[in-house]
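Letters A, B, C, D and E mark the chains in the order given here, with residues in each chain numbered from 1 onward.
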Amino acid sequence: MLSLENVEVIYNDVILVLKGVSMQVPDGKIVSLLGANGAGKTTTLKAISGVLYTELGEVTDGRIEFEGRTIGRMDPEDIVRLGIVQVMEGRKLFEHLTVDENVKVGAYSRSDAAEIRRDIERIYQYFPALLELKGRISGYLSGGERQMVVMGRALMARPKLMLLDEPSIGLSPMLVKEIFQIIKEINLQEKTSIFLVEQNAMIALSLSEYGYVMENGRVVIDGPSDKLKENEDIKEFYLGLSELGKRKSYREVKHYKRRKRWLG
Amino acid sequence: MEKKKLLAFFGALFLTMAMAFNPTSGIGAEKYVTYLGLEDFTGPIAGITVSFNEGLRHHINYVNDQGGVDGVKIKPILLDTRYDTSRAVSAFKRYRREHKLVFILITSTGVGKALYPLTVRDKVPIQVPGVGYFQNLLGWAITYAPPYQDMFGASMDWMVDDWKKKGNPGKPVVGYMGWDNPFGRENLLGGREYAEKIGVKLLKPEYYPVGSLKHDLWLTRLKDYGAKYIFVSGTDPENSNVVRDAYALGMMKDVQLISGVWGTTMETGVAFHPEEFEGEVICSPGIRGVDARAHPLAKLWKRYTKSKPPVQFSYMLGMSLGIMFEKALKVAVQDVGYEKLNGEAVYRALQKITGEDTKGITGPIDLSPTSRRITRDVKFYRVTGGKIVPITDWRRCPDTVSLHKW
Amino acid sequence: MSTFLQFLILGLMEGGVYALVGVSIVLVYKATKTVSIAHGQLLAFGAFFFYLFFGYFGLPIIIALLLCFLAIGVMGFVIERLALRPMIGQPLFAAFLVTFAVFVVFDGVFLLILKGGILGVPKFLPRESLLVGGLRIPEGQAISFVLSMAVFGIIGLMFRYSKVGLGMRATAEDHQLAQSTGISVKKMFSVIWVVSSVVAAIAGISTAHVIDIYYSYPLLGIKGLIVALVGGLESLPGALLGGLILGILENISAGYLDPIVGGGVKEVAAYFMLLVILLVKPYGLFGLVRIERI
Amino acid sequence: MEENRHPLEVRDLYLRFGGLKALDGVSFHVKDGEILSIIGPNGAGKTCLMNCISGFYKPQQGEIVFEGKQITRMPPYKIAKLGISRTFQNIELYTGLSSLDNLMAARHIHMKRGALSACLFFGLTRREEIEHRKVVEDIIDLLELEPIRKKLVALLPYGQRKRVELGRALAAEPRLILLDEPMTGMNVEEKEDMARFVLDISELKGIPIILVEHDMEVVMDISDRVMVLDFGHKLLEGLPQDVKDNPEVIRAYLGAGEEEEE
Amino acid sequence: MRPCGVFDERYIQDIAIVRTWQHWLALIGALVILYTFPFYGSYYLISLINLLSILIIVILGLQIVMGYCGQISLGQPAFMAVGAYTSAILTATYGISFWIALPLSGLSAGIVGMISGAPSLRIKGFYLAMATLAAHFVIMWIIMHLKITGGIQGLHPPPPQIGNIVLDTEERMYYLIVTMMVISTFAARNLFRSKVGRAFVAINDNDLAAEVMGVNLYYYKLLAFFISCVYAGLGGSLWAHYYMVVHPEQFTFMHAIWYVGMVIIGGMGSIPGVFFGVLFVRLLDEIVLFSSPMLSSLFPWLGPGPGAALGLSAFGMALLLFIIFEPRGLAHRWEVIKESYRLYPFAY
């Protein structure tokens, strides 16, 4: 469905952020993208959704294809119309608009008024908590509520592919679980493919069918999620497991990593 | 990359402009003197300076076409300093060693004041607006009209006459409106003292900001205080706007509006709104309106301005400066010869052309060791039936500059 | 009392024009986060186009108006497209400087058109004043005041209820986010510049009724900036109120203070007001207080 | 009195935004040299509490006492001078300065020369600069920032920026450090490094640390005591193991099934 | 930025501005050229350098408050006017020596600037810019309506004197002005490797963090305004004695914008940027000034006004292209060039 081939992204004409990235998102599946901060995950998403140019970024090489069409140089709104919606990092909302308006904006690229109305109702079924917040100015919502609004807004565009950028960041463990359940549900019910960028490797890999790991603008490992979970390096760097399969304590780490100290 | 290409284009543009740095062109190895104009063609007084400058330039062209003044041609360098002192001073410093720089023209008071000490040091006469300060100084600066306060005095004289002619007793009550800047206040330095001297009651002056939308406020206030005559001092088109507001307020019938020297002209109002200007009086140091249209020089210069006939008042005034300069240059060339010709020679010559005329554009030239006014005469015009018609002959201005304590 | 009322009426009429300029600046700011000083030129050129079609070609007033809006719309579009679009993602003050550069460029063009003279638009609204109970009400200005209020109402409704309005408000909040929801931010910018140019042109035309077109027209843009700031840069009602307040305050303060301090109060009153408002309500009367999170 | 023994004492803190109760009568204290972790669900008021301590928010009721001094309504810069420094949830570095200068800027409160002497520079100011530079270099050494000393922080990757921020907090020579989610968005390796630095600081300098963090593993491993906040209330305070096993905490925060999945 | 292979062994070396012998050579060479310039430079160029130097002093001030502290000020010409008028009043009206009037004018401008900068405690960004613009208009209005300032007439301060030498010629003023410029640059540069400068940048980059790290925002913002306006005041005083006239028309709103333009074009937060910005804008201005008659002579039917108008448009166009294609200013370009020099011939 979506495929990236050897994509290169340069910021500001100088900083090379993606150095030839290739990946695939098959129809109806969940694919996760792991990696440390600054590895280029978010840039990959932005390259797909076309909003790179607002940050002076540019896709300089490679191809991005969606359902057989090259979308590398399309305007973001056309990409949305094709069915790719990005949910940006940090649960960004239109803070001065109400919750209802926020959700409505999601359907901006559509013009079937009746359908839109039906969809809005469906969104409130997904997230019943939002129903009573409808008229609230969204800037005052809490983290979990924000995440719901953001996802609802994305769903309003009836996406074929959803790009989720770190939905769990900064949420408490309980909320994280809840959010991921909803993601799974969306994937099953709406048949929406999901491309998930996550820090939380454990949960991301258990949710997805396939995973990519990025480092410094390159894909270093990829494979089916179950396989990745078994990979030793992944275990050590992203899941925090020692060779014995047991979690290391952070206190112990100190001792084997510690350098010679002459102060203190 | 595209960006680089554009930068290169930009660099090329810059270079072209750099080559344009040297404006010396036109006149070859003949005998010539340089006339430097540091003017403002784009600011608040552009309405005057542009046509003013055209008149001057056309006259210089004409003189050059006729073979110059005794074979000496005039090279004009006329710059737009955009109302900025530092630009003007910088331009002066660039051109002061220019071949035989003998004369400088300035249209902004602030620039004039900043440049004055420098020009005195370099011994170049400088022509400035009618600011009393320079007349009082009796230095190297000459004014290109009677000082503003003199003309205001003459206007008050006219008001008194008019008041009497209408059969009223005593002296009229006079209101004053001006720009809230140095120019708008200039008239009163000396004008106020003169009003006291002839017994005219001068109301508290009203100042309005440059570029004001409406002037109703000040007009109504002056009217409420009982002004029978209101003198408006600003440059067109702002003066015209005041008159139009007065018309909208229905004041034109019971109050006589008098516009200062840079006030109403055909181009800036009368041609567009004849009915609104009906009855306004203008105090003018040079011919304007029907006089200007009928002037033989106006027809003569048509060939230089291919577009429209030079009916602008300031066009004619600019020309009168050219005539004055031509006369002074002639005297100077005769006195010292081309070899020794310099600013000082022109300065001396300027003081010798007292009483000569400027082909009827202004009154007789009044430059002398005790006067730095190009002329002392003004003429009063009235807007009648969409035309600016003279109502008096040349009238001598009172010397109000000497009344003020500088 | 009657002098006071007279000042009030005069101020209201002037304030209407200020408010329109303010509104046009606020429109652009809301959507693009660019404070524009170039709107003074849009105002001036709006008046000029009106002169061109109405005065010079002598077309009927309705057609002249439509053509004028078309022309100024194109101009606004071109400014946005060529000068401001490259500034997406650059510091805000750089964008302000770009609008200033645009201002200078068009200032030259404007002066080129004027050639140091003026352009007088033929009479299209009555120029006399009505006498109502001892108060003078300038007729033509009153009509244009009512019309500008109508313009304001239309814009307000559009913003509140239409889909484009929702898109504009969303764009105003966050460009990248708006794009990711499928709003064409570029298109939105163009639309907003066109609308805002038309509003500025209306202000220009109502000014052209009062005074002839001359060099100082573009400087009304600065008044517009003050109005926008006083009302709060994000607030349309703020701009309206700010404009009216400015007009009234200028006239009343000049009316009562001029005789005391010796003139010139009208010009400085606006700046005094701006200082005071900024000190008391830092983000204007209706400006949004940022929702700050640490 | 008893409470004077503790460096920081918070009593009965109430903070409201409009109708929202962000903090609802929170009291706790920090003991000398300990690492106190604060956990809780989103919106529980953890960051609000930090902001109250560092002076951004003025609580409506209650008091905060630092080393026997009332700091409840002090402006932030004065609190900083008393010796409380912190890091932020979303890195708040001086992006226009190099790492070194970021740390030097933190020495601000210890420097005495004014603007006039700075303009002349040679002599007093230079001597002072060099003195403080030595302190900063020690911290650079401790946090292993040597290679990025002269780089602009805007160009640094996320993990290093977090580290520079920690260094900046440390460079102020504080007597209490507040760390607001120092490990969000890091992979395990970076977390390990960060945890190591936090422990080092605690051990070498003996500075008490308040740590707000979501990552339960880190919290449970390195903190001496844990406090749980929920909707502005203090739910519980105690040793990590006690907290982990507390059923109320599991209900409100950890959620059931955490163990199952692991 | 230093060339490859240069290592510092002591902290003193590390914080020095001038590090290598090439640097020293360049610095001394530049100073020698600067100070011997009147012996071979043309009168016009000398006067141009005088003007540029005064502008550099003023723009350095603006750079401090704007480029470093991040508080946009559109009131610089007014503060300059305060300095110029203080100096003129003291010397022309009260006959006080220029050497006393100079620091006093800096001080008075600083104090006025500090008061005008007070809104910065509550507002930021464009709001602050407009507040300072309002301050500009109010200050200029007050100056024009006071008696002591000579109102509309302006004042005529005498030229400065050293012993019996009257600094009334271009060349003599040159040494005074250029020396002041060099000292100001030196002081500004030093300011930014000390506590105060870092506090300014901290406020600009992140005022919340700065406050938590112990920077008293109010004090430092006002200090930034104060220092900036001291620069403006000194520049204004030199301006007054250089032109020997102060007049309300010399300090206008348009100047405020040009000055900010100089900082932006030169590059925010960079001392060399000040030099680049002043040179670029001012020289472009000169070119436009002197090429407009050429336009008139090329197209005589246009007349003088249109020629000037075209010049104005060309200037605006240059500015526009510049901001669009080099928004980070000339200093950024300079850094890029230096970077390539640093890596020459091999990068490490």
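Things worth noting here:
By our rule, a contact is a pair of C-beta atoms (placed from the backbone, for glycine too) under 8 Å apart; a residue touches a chain by one contact, two chains touch by 3 or more.
If you're wondering where the values come from, they're calculated on a predicted model, not measured in any experiment.
The chains that touch subunit B as well as subunit E are C.
Set against the C-alpha centre of subunit E, every other chain centre is closer than that of A.
With centres defined by CA atoms alone, the chain at the far end from subunit C is D. Look at where the CA atoms of subunit A average out and do the same for subunit D: the two points lie 29 Å apart. Chain centres here are Cα means. That of subunit A falls 48 Å from that of subunit E. Subunit A and subunit B have Cα centroids lying 72 Å from one another. If you average the Cα atoms of subunit A and of subunit C, the two centres end up 43 Å apart. Counting partner chains per residue, subunit E has residues 144, 208, 303, 305, 308-309, 311-312, 314 touching two or more of them.
Multi-chain contact residues of subunit D (touching two or more other chains): 56, 88-89, 92. Shown for subunit B are the residues that touch two or more other chains, namely 3, 41-42, 46, 49-50. Residue ranges on subunit C touching subunit A, taken from their complex, read 88-89, 163, 166-167, 169-170, 173-187, 288, 291. Here subunit A touches subunit C in the complex through residues 49-51, 53-56, 75-77, 80-81, 85-88, 92-97, 101, 104-106, 108-109, 139-140, 153-154, 157, going by the rule given at the top. Note for the complex: subunit E touches subunit B at residues 43-44, 47-48, 51, 144, 151-154, 156, 170, 243-245, 247-250, 252, 254-255, 284-297, 301, 303-305, 307-309, 311-312, 314, 318, 321-322, 325-326. Interface residues of subunit A facing subunit D in the complex, by the touch rule stated above, are 35-38, 140, 142-144, 166, 169-175, 177, 199, 201-202, 206, 236-240, 247-251, 253-254, 257-259, 261, 263-264.
Considering their complex, residues 20, 40-43, 89, 138, 141-142, 144, 157-159, 181, 184-193, 195-196, 199-200, 203-205, 214, 216-218, 221-222, 252-255, 257-258, 261-262 of subunit D touch subunit A.
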